[in-house]
Every structure is written in structure tokens, then in C-alpha cells.
Amino acid sequence: MKEAGATPASDVVVPVDVKQHIVEFVSDSGEGAQTVGQIFGAVSAKMGNGAWTVEIIPAEVEPPRRSRAGASGNRIRIGRSEIRNAGDAADLVVAFNEQVLYSRIDVGALREGTIILLESKWATDPRQSVRQEFAAALEDFEQRKYQVYQLPLEAETLKLISDPRRGKNMWALGVVCAIYGRDIEKIRGELAKKFARKGEALIESNMALVRAGHSWAEENLPLRFQVISEPREKPMIVVNGNQAVALGAMAAGIEVCSMYPITPATSVSHYLAAALPRVGGFVHQAEDEISAIGFAIGCSYAGKTPMTVTSGPGMALKTEFLALAVMAEVPLVIVNVQRGGPSTGLPTRVEQGDLLSALFGEPGDAPKIVMAPSTHEECFDFMVTARKLAETFRTPVIVLTDANFATGQQPIPRPVVTEDWLAPPFDQSDWVDGVAPYDWDPVTGLSARPIPGQLGGKYVLTGLAHDEQSHVAYESETNQRGMEARSKKLATLQRSLKPPTVHGEQEGELLVVGWGSTRGAIEEAVDRLREEGHKVSSVFLRFLSPMEPGLRQIFARFRKVMTVEINYSDDLEAAHTNEDSRRYAQLAWLLRAQTLVDVDCWSRVPGIPLAPGVIERELRHRLELYAQTER
Amino acid sequence: MKEAGATPASDVVVPVDVKQHIVEFVSDSGEGAQTVGQIFGAVSAKMGNGAWTVEIIPAEVEPPRRSRAGASGNRIRIGRSEIRNAGDAADLVVAFNEQVLYSRIDVGALREGTIILLESKWATDPRQSVRQEFAAALEDFEQRKYQVYQLPLEAETLKLISDPRRGKNMWALGVVCAIYGRDIEKIRGELAKKFARKGEALIESNMALVRAGHSWAEENLPLRFQVISEPREKPMIVVNGNQAVALGAMAAGIEVCSMYPITPATSVSHYLAAALPRVGGFVHQAEDEISAIGFAIGCSYAGKTPMTVTSGPGMALKTEFLALAVMAEVPLVIVNVQRGGPSTGLPTRVEQGDLLSALFGEPGDAPKIVMAPSTHEECFDFMVTARKLAETFRTPVIVLTDANFATGQQPIPRPVVTEDWLAPPFDQSDWVDGVAPYDWDPVTGLSARPIPGQLGGKYVLTGLAHDEQSHVAYESETNQRGMEARSKKLATLQRSLKPPTVHGEQEGELLVVGWGSTRGAIEEAVDRLREEGHKVSSVFLRFLSPMEPGLRQIFARFRKVMTVEINYSDDLEAAHTNEDSRRYAQLAWLLRAQTLVDVDCWSRVPGIPLAPGVIERELRHRLELYAQTER
Amino acid sequence: MYGLKQDWALEPRLRHFVIEDYQGLTARWCPGCGDHSVLGAVQRLCRDLQLAPEKTVVVSGIGCSSRFPHYMNTYGFHGLHGRAMPVACGVRARRPDLNIFTVTGDGDCCAIGTAHWIHAVRYNMKMTVLLLDNNIYGLTKMQTSPTTGRGQFSNTHPGGAPLSPLNPLSVMLGITNCSFVAQTVDWNPGHLMATLRKAFDHDGFAFVRIRQRCPHYMPKVWDELIKDPSKLLLLQHPEGIPTDDAVERVLSNRVEHDPTDYLRAHELAARDDVVPVGLIYKNPNAERYDLYAQKGLEMSPEERVAAINRELDRFTV
Amino acid sequence: MYGLKQDWALEPRLRHFVIEDYQGLTARWCPGCGDHSVLGAVQRLCRDLQLAPEKTVVVSGIGCSSRFPHYMNTYGFHGLHGRAMPVACGVRARRPDLNIFTVTGDGDCCAIGTAHWIHAVRYNMKMTVLLLDNNIYGLTKMQTSPTTGRGQFSNTHPGGAPLSPLNPLSVMLGITNCSFVAQTVDWNPGHLMATLRKAFDHDGFAFVRIRQRCPHYMPKVWDELIKDPSKLLLLQHPEGIPTDDAVERVLSNRVEHDPTDYLRAHELAARDDVVPVGLIYKNPNAERYDLYAQKGLEMSPEERVAAINRELDRFTV
């Protein structure tokens, strides 16, 4: 253990050059570790580093202090080039007490050698129990081979302000900025954004703390890391997935977000509630999720462009209306920010468990478009695409994101919004005489839809089986024809899609298939194995319904195909199942049925994102296993 | 055309011996064709014939008279041995006017040569339009090669009573009884059951009409058919599928049916509403389907045995609570009487469209037991099994029946109810000390559950991720463990199941796989082809989740495997799809994913049961197709 | 598939509408069903007010009564059981130009639709709402509805309904922002028309409970009420539903009632010896959520793109 | 897994319960959260009445307030958001022997749970219902609830809530069979206890709306009410909530109110200048659906088998 304060650093510490580094700030809830973590991420992005910032959130609203349950903060992974996942173990952790640090240890966020900057004041706490806990922890940390530096966090903060809980985060930020050579004047800009309304004085007092931390670290800490960055040419925005979705929604011309609060989807509407009125729309908070989608469907029927956003339990409630939207062909974008299921499950945690229910959740045949962005950029872009597809294919479109996206922040190129994205679905000129409201094209299944107000377009939308005139019809042939038309639309879209791009070699031993927010981690794992010479590639599906074409051909070029997903499957090696009963991961299930390829899977439900190192280990294990069983 | 009344029959008409015959009664709604159809079926059953009776129901409550939309009645198929589906075209139809007959012609219920007994009075109707319609129809019928006999239905009835609308059905019944040599004294018993409360006089006046019709036919109609019957040894009950479900529910010890009305499920609860109070229970009509299942879950949590019953749109609304029941392991029997979907769809019509949503409808992983009875007897038996499995496996069990069962009536052996079927799930002796409320067995995933009132069993049920103590738990391992335990239960049940029995040869060219109410028709079609020497067999799955074991082995013995289902799939020969995009029928999809066998399918959504002849034709076509493409 | 014109403004057209312009498919209700009279009344109302059919939307749920839109020759939305309200509110949200009628049944509104009904009353968005209350589930063949009388036989309560009926009027009066509650009967065309007219003119959520005959399943219940007009209590007031001689001749049991008198409204609504017909309650000061929802409707595409860019500025590093 | 004993009768045991017998996991609400006081009061009530913990079930939905069951050492059901009522009614249906508490929040009860709430009031099954009304969605981090004040900032209405709050008391008074409606505040332990006690003793659905502090998200709203006790109007009546000196000392603003006076109850419920605390309304004659539901509970297995055989007879040919 190093006693940081007591070890004057040599004047010139030569920075260690690193490709990427993972930094965490953890504190009790309310001590502001989240704020400074975000600022650190934003400043790094501004300087041109790749960055991924993810929140550490306690399960309770006001958890007890100095408790594992109360850990609150941020993990920031920065790198020379783009960073697309939260990485493996942390390289450096700033902890405001040893208990919150334990919550990170519990989830495996640390490794041997991790540098810990730990508030030192607990050693002299008036409560004996606290002193003991702290001493025991220090001993334990030494055994775990962490590099601990004690920080006089509160003591130094108190030199500048009277309530250290309102400032030690800034001082700590200063320390970390010194370690990573961050430009602290860039912090000013971030603080100005944050405290715009609260006035210059607050910004200044915070900057003073940052500077103080910075100077202290320069004098007392022998730690310097350099993550080379190149200033960007194009403007970037730093957003989490929910913000990207919200911005994408506005750019898509969506003017109504009809929702009911649910974690982790709510923050999409929090931002939209503030922003939509500024761009000419509003958020409707309905009395429940059923009403939320019903209201959105009403909007869409009336020619306006709505969305609804929710998570697992809310999706369940929307099932009936979703089927109506499919049956009556009402365009609608539904965003499902997936969380841990089933039932209330793990409300704040990540899972990819809603794929099969998105495809097959509704009684009866309800073909619809299902998309899953796999990057932050796609979170934005897919909203625009989804709205376009919804209108063109006259159908609901489900966009599946997840809690990993919701809380993970990343710099992405600033999108250029164009006016035609906003265009209303239709003008109100007269409906073409004699064209039926469901004039299903015999090849594509597509039809144009009339909007109330359009002369000559009058029709009565119904969820009953209906003919081209939207008249209720009980005839066998009519029912078959309507079903066929709706099914054809998916085939039509599928014909317009390109096969997905394989990441890595086009053929080899193992192909890893994924979808959604795991992309960054899976590709990083695959790249590590490739560097070692393994013939592993990966491919990501962004369209799940219809599925992108050409999969069988791609799969055929690999000896073995498997998916990696964050949802439940019976393990390949589990004793309780056999080939007859094994329950596969959700994408694997789809791929098996569609391609008849023996697609294996490795999936887990840890409630946290899959780290690249974890995936790497499992892929390595699979490679060995396949080698044993198949050669 | 034969002018029946005008053609005195020879004294002794020799009856034509037939293996089976299909008779229909059709009238305007309210004219009682349904009543007499049911009586004819019951009497035939009583005499020892196999019988299947199915209602013909108009879509509206009080449709206009003499309209195709208004056709109301019954089809009765009787046979020497057991009859397990409604058959192909009718052999003999009694029609109260020619318009309702057209509605039967429209759905393909008639064939060349079908005998029609048609009310003659329209020829002399005061309205010219009616006379014209009637005349035109007679001409048309001749062209269609039907054998038409005119009946003085109203004229003869008027000889006995003043309002013919309240009696001509009975007279017609007498006619048909004469044709088929039915014992008209047996009718008395049926009438007595029906009119028990209304008094002897009504029964007598109806019997008089039956006798009059009988005599008239003996004198005037040259038609006699003989369907040989053997008096049964064991007592039989005549029930439709919904009644069988309701009786099974009571026999299973279910004391609460918590429901919200929805066609075609409601009749289960109509009967239970009358019967349950007699056997010590009650029907709860909730304010909606969500509340209905919530109430049932509350009952079950409190140690009582409830069920809920619904159809498509109601199932959609139950999605969220169903996931809770899976997550918190609450035993519950859910009956889904499937109807045409998606959305409101075809409320009165048959479909098998809810299989995938039953398995995968809930966001997150929600393994549960899904069963589908394939005969009327199973409709009864599976309720008893379902309740037992629900308790033993501590899980919801979905029983999928459909509108075909709901309205099809059949004689089945009278079940012998035993007391242990009724036993409450638990006594209230103390909970074993130290046993957790979710003491998941590491091999089977099973655990016993405490019931409020049990000393020492206190726990707080939750839909959040939880540990063995039912404490909310956010840890990765706990979440994984809970999921695994719930998944293991399916594997455990699967290990206890036997492979399904193949109908026909154990190997061959084509294996047809089916589920649910199509069994009778599929096996009849298969048998016809087998008689012609085709190597076709069939197999029925009654467990859909988990699936019965040994399927791969069975499939391997056939050159080609396909499913026949009443739900939507892209046709094998449809131009709009290809192997990449074809959307398969629901069971086919499951089988492909699980077995990786290239399971083909033929499925349709006509809203009416698949007739054996239709299936036979399609199988024949498939045999040709396979022969072309594969040899 | 994307349009060109941004606004929904309609060029003025010189058109005159006759009753047939509002008639859609032939109504398939039972003979004598009260829904027929309501349909006729709504069609006459449209004609009298010369509502452009293409600017008129009839939203409904599922039930006999909810087949209403098919029989109108306007735009219609025959949605899900119990869910007419959210759809109608959604249609209204960004379309102040449309005439909206919402048609619902006693099961549709007061059972499965309860939550949406309560909250729609509170949102108070401008529309005319017709509750066709026949005290039974008609379409599904005679199950108890929340408004079914206690002891009444039904298929789900063969021993008689165990609870006294819910009173939709009393329920609504307890909801903040409730702005217009009227009651009428389908078999008094004069009063029905006058009530619909008043409701249509109301600036907010105008709720009319129409006692509707179901001769098919509940002949007795309705016969009694129809045969004895003294069972109806006609509410009169200058602010209320205007009544003419024809109406007053039949409805001799009358009382003055100021519809802004909240407690009196409660008292009247709760009466079960008579059926009060007329305007039970009106609150002209209730807040309107549709006015809130329509904000920003006038923004041009350029303004919107500029505004979105300002949003992106917030995230730009 | 099937049991042997048919009846649920418990042999009498001689046991004495202390407060710790009702304490479950450590409550994880924010410091100062009103839920803590309600939890304490319910635990004291159980102790005072010596309720057998294993015969007591606490049912809830989802929300901060709905974590309640975990902190009790009884049976509990922490179900779905908005769906506490149907579950609690189901528990009651065939178990007259259990003590049932239902705990819900203002979002849980008055937004997503509206339909079940309205109908549970109508069913009037015996249970004690606690609405922990903090005027906000707590668990999901500060969104508008139906009872949020107009203009109040929230994360879904950063410009202020657009509508005046729903009044749960007024809503319930409009429901047929409503039998017990009381209001109290979490920060007056004496009145809270007295109210819970009265509610528990009520034979039917006893609904208590508890104004509950959420210092985390709504410190101002609650501070104002707490600091000025004259904002509370204490209702007093021999039939009402008994009040002692301690309560009366704090609550000096008092009025007599006969809880069986329906119109007066409406008038009081609707007041927004003060918060009436006490028993707003009581109807001892309301019908009870649980009595209907319990029919046949006493039948023996032999009787049931015989009855089922009689049913089979009906179908036998």
C-alpha cells in the first residue's frame, strides 16, 4: 500500500503510455461521483479520445451511507480510438469510502493491480466500528493485490468549502485529471452547461476545487497515464442510448411520445418532456401502458407521428394494442429499452430477453418489423429508419435497445438533420377515387392509407378480419388474403435488405452471432482471439424481423456457429438438459428454426453487460470443446 | 328435383347401409334448428353411434330472416364407430329456407348428390320477390346436382300448433328420425331434460310434432339410411369441448373460475356459473382479463385452486400476470379457447394461432407448461392433469383448446371422479423449519410452497429477481440460479414424458405432425391415404412445452415431415417468399428449432375446421411435390 | 409515401350534406334495439350541423354498440374492447380540426375500460361521448355488466347479479375536471337530439349516458321503464338541455336543476327511484388537456429543424 | 405434494406476540419518508390486536410504498404495478380466516390501477387498504402522479403538471357499495393509529388515504402541510375515528361530521382549502362480495364428488 499523501512525487513523472484505461468514481449516493464521472468522460471525448461512460446506480432511492447497496458513480473507459463497451476490470478507481468499493469488488469490477484512490479520513473516524472496518478493508485490499493510495479527500476539500459532501467530487476530479493529463479548462465548459442556471459563482467555486485537486495530485501522486488523443475534425455529441433514441425520435419527425414511466426507459421521455415542446411536440404521460399505446395509435390514425417507449412489463401490457396495430396496419414506433425479466425482474439491469416476445408475443399471427441498434449511432439512426419503415410498410416497428445502452454514454458524430425526415406522412389532398383503404399490392402487400380529413378516403378501421374495404369479413378466403398481405410485407422488406457484414475473416472455425448492445464487447473479444490466431469472426443482426438475408450462406463458411446473448439458455454442458429439451438463447432459437444450422449459444443473465474478457474466455472454452467433440 | 309430398313412398323402403352420414339442420336464427340438431346427435349417441355435433352460428345476435348471414343450426355426423371430426360435405341437409342453405353452400358444406329437405312454403309466399328467389334457387340447386325434396314444414306444423316458428324444428326432427330409424321415444328423454322446468305439457306437444313428422316421412319420403349402432356397455356423456373442460375443472378440484367474458371461451364459464355453486365453488366475473388472472393468482397464493379461461385478446391482456406466475411460481391453470386472430380477428371461428405466444409471449424468459388436448376426452382429462402439474411443478399451465372443440359435441365415456383429484394442494400443518420458500432442488428445480396460515412458512412473494428466501436479489449469480431453477422444471417434466405414439406405420414417406383439435380430421385423412397404399403416418403432440421426447428419432424414420395446422404460414409454393424469409406454421417453427429437421408445413386460416377431405387433398399434393423435387 | 403539404388546412368547398351522406353500411342490430335510434340521431345531428363527413371520426370499442362506426359514413375506428377513450384522445391530441364522437357500451366503458374512462374525464379533451348503456353485455350474449341491476339473471350469474349496479353518473362527478355529464334515453328522440346537440357544442369532454333498450336480452327491464314515463325525471334549466313541448308532454315528472350545482348533481345522480334525464352537471371552467397537447402544432419544418439543432448543441462536445 | 387435511382450521395455540414478531427486513426507504411511520403503525396495530403473523397477508403493487410487505414479518405478496387489488380480492375470496392489508401508492392505485381500485371498492370485500399518497411517483424518480398538484414540477412535466389533481376520496364516494373512506396523515401517529384500528375493524373494504411525506422528491409540498396543522381539518363523530387529547392538541381545526351523511361527505372530500382527516364516509349496509364468494366452502370432499356426479348425470346419455 502506498500512502499517497506521504509520498511526494518526483518532480517529473514520466507518463505511462496506454491504449485504453478504465477509471471509476464511486461514492455514497448523493456525493456526486456520477457528475464528475460524466464530466471526465465528456472532457476526454472533447479531447478526441474514444470514451464509454456508464453509470453505477444503487437500487434504492436514498440508500444508507457507507453501504455496499449505496454505491453510486460512473465507470469511464477511455481509449486512443473509438471505445464501444465498458471493458473488463478497472485500472483506477476513486472511492469515497471502502464500502462502496466493495460493491464494485462484488461484481468483479477490479483485478489484481487495480489502482485505488481511497478517501483516508475513515482511519480517524470518531466511530470505532468505522475505523475497524476501514483498517480491515485496507488489509484485505493488500491481500487482493490492489495498489491503494489514500487521498485526503475531505480534508483538502474543507480547505475551500464548508460542506465537503458538496465538493469533494470536484476535488477528486481534479486529481484524476492530473493523472490523465486532462485539460482542466475544458471542464469549465462542462460545468457551465451543468450549472448554467445556478450562476457563475458556483462554477467558479467548483473550478477552484478541481484546480486544487489537480495541484495536489501533481505534487503528491506518482501516477501519470497518457491515452493519446487526436482532436476530432467533425463535431461530436456525447449521449447515452436513451438520449440518442430521443434525439433520433425528434429528427424522425416524431411529435408525440406517449408513455408511462418505467425503468430504464423513462429517461427517454424525461428528456423528451423537456425537449419536445421546444421542437413542436409533447410527451403524453398516460394512466398506464395500455392507454399510452392506444393514444399513440389514435395519433397515428389521425396522421400524426407518435412513438411509445417502455420496458418489459410495459411491453406485456401493450400486447393487445400491438396486435391491433399489426392487424389494422397502423404505423407506430415502439421502443423497448430491455431490462432484466421475467416479470418485474431486475428493473435497472440489462437483459436481451424480449426478442422472442417481440416477434411472437401476440396471440394470432402478427408479423411486424423488429430492429435492434447495435451502437449509439444506430440508436439515433434507427429511429429515423423505424419511422420511415413504419409509414412505408404501414406497420408497427419495435426498436429493441437495453439498459446497457440506456446508461452507457458515448461520443458519436453529430448527425445532420434534414427537413424531409420531419415531413408528415401525408398531405391532405383528396384520396384517389376508387382506391380501397387496404388496396394490398398482390406482390408486396403494401397499400397506402387514408387519413381523417382526406376527402374520399373515409373508412372504418377495425381489428376484426376485414377485406380491402376495411369491411368486417368472415369468409375464409378474405381472412387468408389479409393474413397473406400482412406477411408479404415482411418478405418485401427482406428482399430490400443486404446480408450482414462479417467482422473478421469471411470463413473460419467459429462464427459468433449477436444482436444489440453486446456488439462492442463481442467484437473486442473476437479481435483479441484473432490476434492470437484463432479463426473466429462475428456478425451482428440489426433486423430480427424480417431477418437479414444470406445467413445460411455465411454460416456455411464456418465450422461452428453460436450466439452470445444476455438472456437465459440452458447451458451446453448443463446436466439437466439434453438435445431434446435444451432451451436455447433467443436469437439462437430463431436462427435454428430459420436456417436449420445447429446454432449453439452461450448466454447469461448477470444483470450487467458482458465484459469482453468474459466473452473471450467463453469463446476460448467453446473452441476447445468443439475441438474435443468434433474432431 | 323430387316433389316429396307428391311422391307417396312405397310401403317398404329398404334402408341403405352406410358407415357414416352427415346431417345438417339450418334455419333462421331463433327457429330452433340448433336444438333439434343437438337432440338428434344425443339420441344417436344414446343408440350407440359415434357422433360429432357442431353448431352453425350466425355472427350477429338477431340477424335478418331469410339471409345468408342468419344461418343457424347444427351439423351432426354419425357413424358406426367413433366419430372424431365434422367430416367433409353433408349427405343430407334440412333447410328452413333456401337463403340459409346458401350460407352452407358458400362454405363448401355441400357436394353433388347431397340430399336437401327444403321447406316448400316459399313457393307460395305472398311476396313476389321471395317466390322468385325460391324458384331461382331451386333451379340453381338442380344445376348443382343436389337432390332436393320439398317439405311442407310449416303447413304440417300448423295442423298441430298455431306459431310454427316454435314447432317446425320438432316436426323436422321427426322426419329425420324416420329417415335414420332413430328411436323416437329416446327423444322424449332429451326433451324432458331440456324443458324440465317448463312442464310436461310442453314436452308432450313437442313429442306430438316429432311423431307427426315421423309419420309424414314414413308415408311420403323414399329415403332410409341405416347407420348400424351397438348399444354401449359403459355410460357415456355427450359434451362439447367447453363442457368437457368445465367438467374436468370441477373434477380437478378447481373451485374458482375467474374470468371475463369472451367468445368462444365464455360458455365454459356459463356452465360453471351454474354448476360450481352446486359443487362448492363460484365463478368470478372480473372487470377485465387482467383482474381475472390477478384474482386467480391471489386465490392460488392463498392455497385455493382457481382457473382462468379466455381467448386471444384476453390472453394478450394476461401476459404480464402470467409472467409473474412463472417468476413467483404460482400454480394456475389457464385455458385458452383459441379463436381467429390476430387482434379481434374472427371471434367465433377456429384457429390454432396462439401456440408461439403461449410459449414466448412474455418479455424475459418465462418457461411454463403448455398442453393441448386433441380429443374431447382429453379436454376433460387434461384439466385434471393440468391442475396436478401446476401444483407439483409450481407453475402456470396453459391448456390450449379452440373454437372447434368449443362448439363440437361428442359422446365420450363417462369419467369416474375420485376424491383425491379434489384434494386441496396442502394441509395447514406447520411448515418444516428451516426450509426456504423457494428451496429449489438442484436437480429438478422443484420446491414446495408455503400457504398463508402455515406456521413457519411466512414469505413475501415477489416478481422481482429473488433468492431462495424470496428476498429481492440483484446479484448476477442469484438471477442466473433462479432462472435455471425455473428452466429445470421443464426438463424434469420432459424426462417423465413418453415419446408420442405414431398413428399408422412406424416409418414411411411422410409423417404429419399435428396438435389440438385437428386430430380427428388428420387421422382420418391419413387413414384414407394409407388405405390407398401411401406410406403416410401421423403423430400428435399433446405437450408443447416441454415437448414430448423422442421426436428426432421418430422423424428420422420418415423421408419427409410436415405439420398441418390452422394458423398462418407462408405457403411452400408462394411466390413472395424463399427459404430465407418463409414464415412457418407455429408448431413447424418449434420443431425446426428443436430438432433441426427440415419440417415443412401446410396451414390455412379459413376460420372453419379443416375437413378430412381437404387435408387428404393437400397431403396428396405434398406427396407429389416431394416426389418431384427430391427424387 | 411521404407527403408534401405540411398543413392540414382544407380549401373551403361548397357542399351541402343530406342524411344519406352520413349513412354507412346497413345496421345489423336486432330489431327494436336502442342503438338504431341513437345512430339515427347522430346522423341527423351531423346533417343539422353540416359536419364534413371526412372531418368526422367515430371511435368505439367492442360490443354491439361499438359497431356504430361501421354504420356511419365518416372516418371510424372500431378498436379494442374497453379502449375507445385512449384512441379518441390520441386522435384529438394533434387534430383540433376534427369532430370526434366516441361510442362505448356499459361493459366497454364501465368494466374493462374503467381506467381510461376515469382518466379521459379528467383529461377533458373536446369530444362527444356516448355511453350506450343497456345494462348487459349484448355482443357476448348476456353476461352481467357493472350497470346490471342486482338480482338480474345473466349467463354469468344465473342466480342473479350479486351486487347493486355501478352508477356511471356518480362516478364521473367525483372526477376532477369533469365538465359535462348528461343522461337521456334512446326512446325519446326529441330529448336525445337536444342532448346530443348540447353535448356536441360543449367545449370539452361531453359525456352522455344513454339508457339503451336491449329487447333481445333484457326485454322486461326496458319495457318497464318505457311504459312508465313517470320513472323519468326531466331536468330543466336555462343552462341545461333545452326541452320542447313534445318532450315535456311525455315527461311530466320534471324538476329545475342548475347543472353547475355540484352537490345537487350528486344528489340527483344517486337517485334510484327515478332516472333523471337532462344535464346533470356542467363545469365550464374545467382545464382542457387538448389545449396543452396542441402546443407547437404551428411550427414550420424550418423552425423544427432549427430547434432540433439547438437540442443537438446541448450534447455537442 | 397433495395434502391430506381438508379444512384450514388451526388448533388453538397459546402465543403472545411482541412488536418484533411483525418486523421483517430492514426498511430501505429514505430517511424521513412517511412510509416508515405507516409501517410502524401497522406493526403496532398487529401487536395490539395480537394478529397471528401467519394468518396475516400484506398485498401490494410496485412502488416505494409497495415494498411494504418485505418489511413485515407476515405473509406478503409484492405483485405487479397497479394490480394489488385483484390479488388481494383473490386472496380473500376463499379465505375468510386471513387478515388482509393492501398497500398501494398514488400511481399504483389511481393511475395504472384505476379500474381495479374502482371495482374493488364496489366488491367491498373485507380488507384494510392503505393508499400511501405522496403525490408523486417515487420509485421511478419523480414523475407526475394523478394526485400531483397542478403546476408542480416533475420529470415528465418539467413545465409543471398541466391538470389539477384527481381526488381519490371524491372518486370513491361515487362508487356503489363504497363502505369506508378515511383520510389521515403519516406524521400524526395518534390519528394514524386510530384510523388504522377503525379501518381494520370495519366489515368490508376499508380504504384509508394516508397523506405521505416524500422528503426526497417533494420536500416543499409536505413541509408546508406539516408546518401548518391548521391546514388539517379534524372530523369528529361518535361513529368516526376516535381522537384523544394528543391528537386534538395538534389539530385544533375541527368539525363534527356524521360519516353516514353522503352529501356532506362529498362536500368535505371536495374541499381543497384544507385536508379533512378522519372518517369521511361509512356505509354499514353495503353488500359484500366476499360473502357471495365464500359459498360452498364448507362442503366435504364426499359432498363435492357426489355433486360432480350429479353434474355428469346431466350429460349422460
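Here the chain labels run A, B, C and D in written order, and each chain numbers its own residues starting at 1.
Convention: a residue touches a chain if its C-beta (ideal position, glycine included) is under 8 Å from a C-beta of that chain, and two chains touch if they have at least 3 such contacts.
If you're wondering where the values come from, they're calculated on a predicted model, not measured in any experiment.
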Winner on C-beta contact pairs when B-D is weighed against A-D: B-D
Listed pair (B-D, B-C or A-D) duplicating the A-C contact set, over half by residue number: B-D
Chain centre separation in whole Å, for chain D relative to chain B (CA means): 44
Chain centre separation in whole Å, for chain C relative to chain B (CA means): 39
Centre distance in Å when chain C and chain D are each reduced to the mean of their C-alpha atoms: 33
Junction residues of chain B - those touching two or more other chains: 277, 287-288, 313, 320, 324, 343-344, 462-464
Shared interface positions of chain C, touching two or more other chains: 80, 111-112, 114-115, 118-119, 146, 292
Parts of chain B lying in touch with chain A, wherever the complex brings them together: 59, 106-107, 311-313, 315-317, 319-320, 323-324, 326-328, 336, 338, 340-347, 349, 351, 353-354, 356-357, 359-367, 443, 445, 462-465, 474-477, 479-480, 483-484, 487-488, 490-492, 494-495, 546-547, 549-552, 567-568, 570, 574-577, 579-581, 583-584, 589-590, 592-594, 596-598, 604-608
In the complex, chain B residues that touch chain C: 60-63, 69, 260-263, 266, 269-270, 273-274, 277, 283, 285, 287-289, 313, 343-344
Of all residues in chain D, those that touch chain A in their complex: 28-31, 33, 62, 64, 80-82, 107, 111-112, 114, 137-141, 143-144, 146, 155-159, 216
Sites on chain D touched by chain B in the complex: 1-6, 8-10, 13, 24-25, 53-55, 57-59, 62, 69-70, 72-80, 83, 85-95, 97-98, 115-116, 118-119, 292-293, 295-299, 301-305, 307-312, 314-317
Chain C partner contacts - residues on chain D that touch it in the complex: 111-115, 118-119, 122-123, 146, 150, 162-167, 170-177, 262-263, 266-267, 269-270, 287, 289, 292
